[in-house]
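You will see chain A twice below: alongside chain B first, and alongside chain C after that.
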Partner chain A sequence: MFHKLDGAKLPLGLRLICSAAIAALTAVLIAIVILSGPAAPGLQAEVAAQLARSGVDNPVTAVLLNFRSYDTLLEVAVLLVVAVATMPAPGRRLRPALAPTGDMVLIGLIDLVVPVVVVVGAYLLWVGAYAPGGAFQAGALLAGAGVLVSITGRFQFSFGALPARAILALGLLTFTVTAAAVALQTGVFFQYPTAAAGVLILFIEAAATISIAATLVLLYGSLVPPAREQESGP
Partner chain B sequence: MDSGFLIDLVLAAGVLILAWLSLVATNLFKAIVLFISLGLLVTVVWVRLGAVDVAIAEAAIGAGLTGALLLAAWRRLWSQRRPVRDASGGDDSGGDNVS
Partner chain C sequence: MTQDLIYSVCGIALFGIGLYGLIIVPHILQKILAVNIMGVGVFMLLVAAGHNPGGVSDPVPHAMVLTGIVVAVAGTALALSLVCRIGELQRDGADEEAAP
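Our next item is the complex of A and B:
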């Protein structure tokens, strides 16, 4: 599938022309950016003016989960599509992903680190309403804990099972259902009632965190070579 | 010249050098490690730019999980190739290209 490119170098003249063209294009783009003056102020003033109605104090979370929540919904949907694409076939027999390790240092470290990571992930999720943090960061941290657990080989995640699939879909499901439910009250899809906005955002983010973490662990698990095949080689 | 500007200058140069090194490395393992280092340096750049949200995401996803995914993919390539390589001595490097 991949071929060595060493033997097929471009002629020197062509390489010089290509690098000159790329350098010129880069210089022109940089010049345009510098000459076009200060960047437009953007929508910071509008976001700051409406922040009180968003239910959270962090402008980034307000934009992601309230003002532009449709974009975030689609991001969560993309993650679900990724999960479906890498998911193991239903009913496939579970094989040990890795031989269980006897490395006491690794096991001891993971016993210490994983609970801390889970607590920090929950903190990042909660603090997203006030300061930098949020569902994606918390989900990635939790996924890191999941990867750590799975490299010992003592535990493995079976994403062919029905509960695991429910967890993968939980984020998108909660997001869509909440968006539709608030539409019953306010009349507009994704228009949260101002009083309940903070709680609703935390609720959606919690569900999204779990799905994001599960999707990322699934991605890692789909890449790890099965231990049995490795040993059966000649 | 104040110290903030100097830090930015070193960061910018470091990002460019690491990006270049990870692209030209012929050893896959070396390229992956350089790429993870690049992610960590870019995290510092995001902090310097005041985008702490992006910095956290870059550290967790860009440097951490992408690194883990790349290493898992690298190990998978290596374990598939090993039976063939064992006869000719084999090496522990990630190797260059797979045909």
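Our next item is the complex of A and C:
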């Protein structure tokens, strides 16, 4: 399938020049890092000072979902854009589902693992307020469970139906609507009221988790090479 | 300090390795992998920059790296789906040439 995706090999002279240039660039960068001395103090003091107003106790979550919410909003938007881009175009046939597997070990493993993964994902989402964890970790874990289920061939996640597509957009929608709703009260986009910040962050993260998991499952499904269809040959 | 330096230098080395792969290696899948390696190098550099020996680490680079990982995954998926489509189109073209 990928036999023609090989670009032309660069001529030897050009390869040598490029290699030398890359080596020189790397050496210069390393020299800069070594000679520049210790880094300037970061923003940990500022973050720690404002942490009590953020609604969460984990500084990374506070930065992601309160202090720099725009970054995370745009990140969720990037995921949605990529999901739309990899979705099969209307009218194009969906990739055929995998044949249901008769592998009892795989099926038994999934029956055991998927419920546990769902619980651990919910835990990771919850613990993000206090310790490393959060929407993306939980979403990635749930997506892993989704991929496991989809490789049995017993279910196919096609994302052709409107509700399924709505799930993909749920995270971005919740994020934007919440940001706008708090702006009605506080006057600033993304300026959560301090008392409600923790609940709002958990609410946004829960919606984002579902969308992230769905998007990653979609990305996996759209990248599985289609089985060679014998019947559609010329 | 030394530990941060090791991480920073390794990050830059990974960036260089990735850049080499991006420019020199001809196959498109390997180029996509190379861009990912470059990204990992940048993430290592950022995490090392946020490390504060003997104190609380700077959470801002950590958050940036988390965001960056997700965007890198999304970008890789987009690139791979484009490659899949190119492969399909070329296969269809080859089929048509083989059986006119």
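The rule we apply is simple: the second predicted complex is superposed on the first by the 196 of 234 C-alpha atoms of A that agree within 3 Å, B and C clash if a C-alpha of one lies under 4 Å from a C-alpha of the other, contacts with A are read in each partner's own complex, and residues count from 1 in each chain.
FYI, a residue touches a chain if its C-beta (ideal position, glycine included) is under 8 Å from a C-beta of that chain, and two chains touch if they have at least 3 such contacts.
All values reported here derive from a predicted model rather than from experimental measurement.
Chemist: With both complexes superposed on chain A, which partner does A:43 reach: first (chain B), second (chain C), both or neither?
Modeler: second
Chemist: Touch test for A:85: chain B only (first), chain C only (second), both, or neither?
Modeler: second
Chemist: Any idea whether chain B or chain C touches more of chain A?
Modeler: C
Chemist: Can A:102 be said to touch chain B (first), chain C (second), both, or neither?
Modeler: Once the two structures are laid over each other on A, A:102 reaches no partner at all.
Chemist: For A:141 in the superposed arrangement: first (chain B), second (chain C), both or neither?
Modeler: first
Chemist: Mind working out whether A:60 is in touch with chain B, chain C, both or neither, as first, second, both or neither?
Modeler: both
Chemist: If you stack the two complexes on chain A, which partner ends up touching A:219: first (chain B), second (chain C), both, or neither?
Modeler: Touch partners of A:219: chain B and chain C.
Chemist: Looking at the overlay, what does A:26 touch: chain B (first), chain C (second), both, or neither?
Modeler: Only chain C; A:26 stays clear of chain B.
Chemist: For A:9 in the superposed arrangement: first (chain B), second (chain C), both or neither?
Modeler: A:9 contacts chain C only, not chain B.
Chemist: What is the shared patch of chain A, the residues that chain B and chain C both contact?
Modeler: In chain A, positions 1-2, 4, 60, 134, 136, 216, 219, 223, 225, 233-234 sit in both the chain B and chain C interfaces.
Chemist: Would you pull the chain C residues touching chain A in the complex into a rising list?
Modeler: The contact residues of chain C facing chain A are 1, 4-5, 8-9, 12-13, 15-16, 19-20, 23-24, 26-29, 45, 49-50, 52, 55-64, 66-67, 69-71, 73-75, 77-78, 80-81, 83-84, 86-88, 90-91, 95-96, 99.
Chemist: Flag every residue of chain A that touches chain B in the complex, lowest number first.
Modeler: Per the stated touch rule, the residues are 1-4, 60, 124, 132-134, 136-137, 140-141, 143-144, 147, 216, 219-220, 223-225, 229-230, 233-234.
Chemist: Can you tell me which positions in chain B touch chain A when the two form their complex?
Modeler: 52-53, 55-57, 60-61, 64-65, 68-69, 72-73, 75-76, 79-80, 82-83, 86, 96-99
Chemist: Under the stated contact criterion, what part of chain A meets chain C in this complex?
Modeler: Touch list, chain A to chain C: 1-2, 4-10, 15, 18-19, 22-23, 25-26, 29-30, 33-34, 38-39, 41-44, 47-48, 59-60, 62-64, 68, 71-72, 75, 78-79, 81-82, 85-86, 134, 136, 212, 216, 219, 222-223, 225, 233-234.
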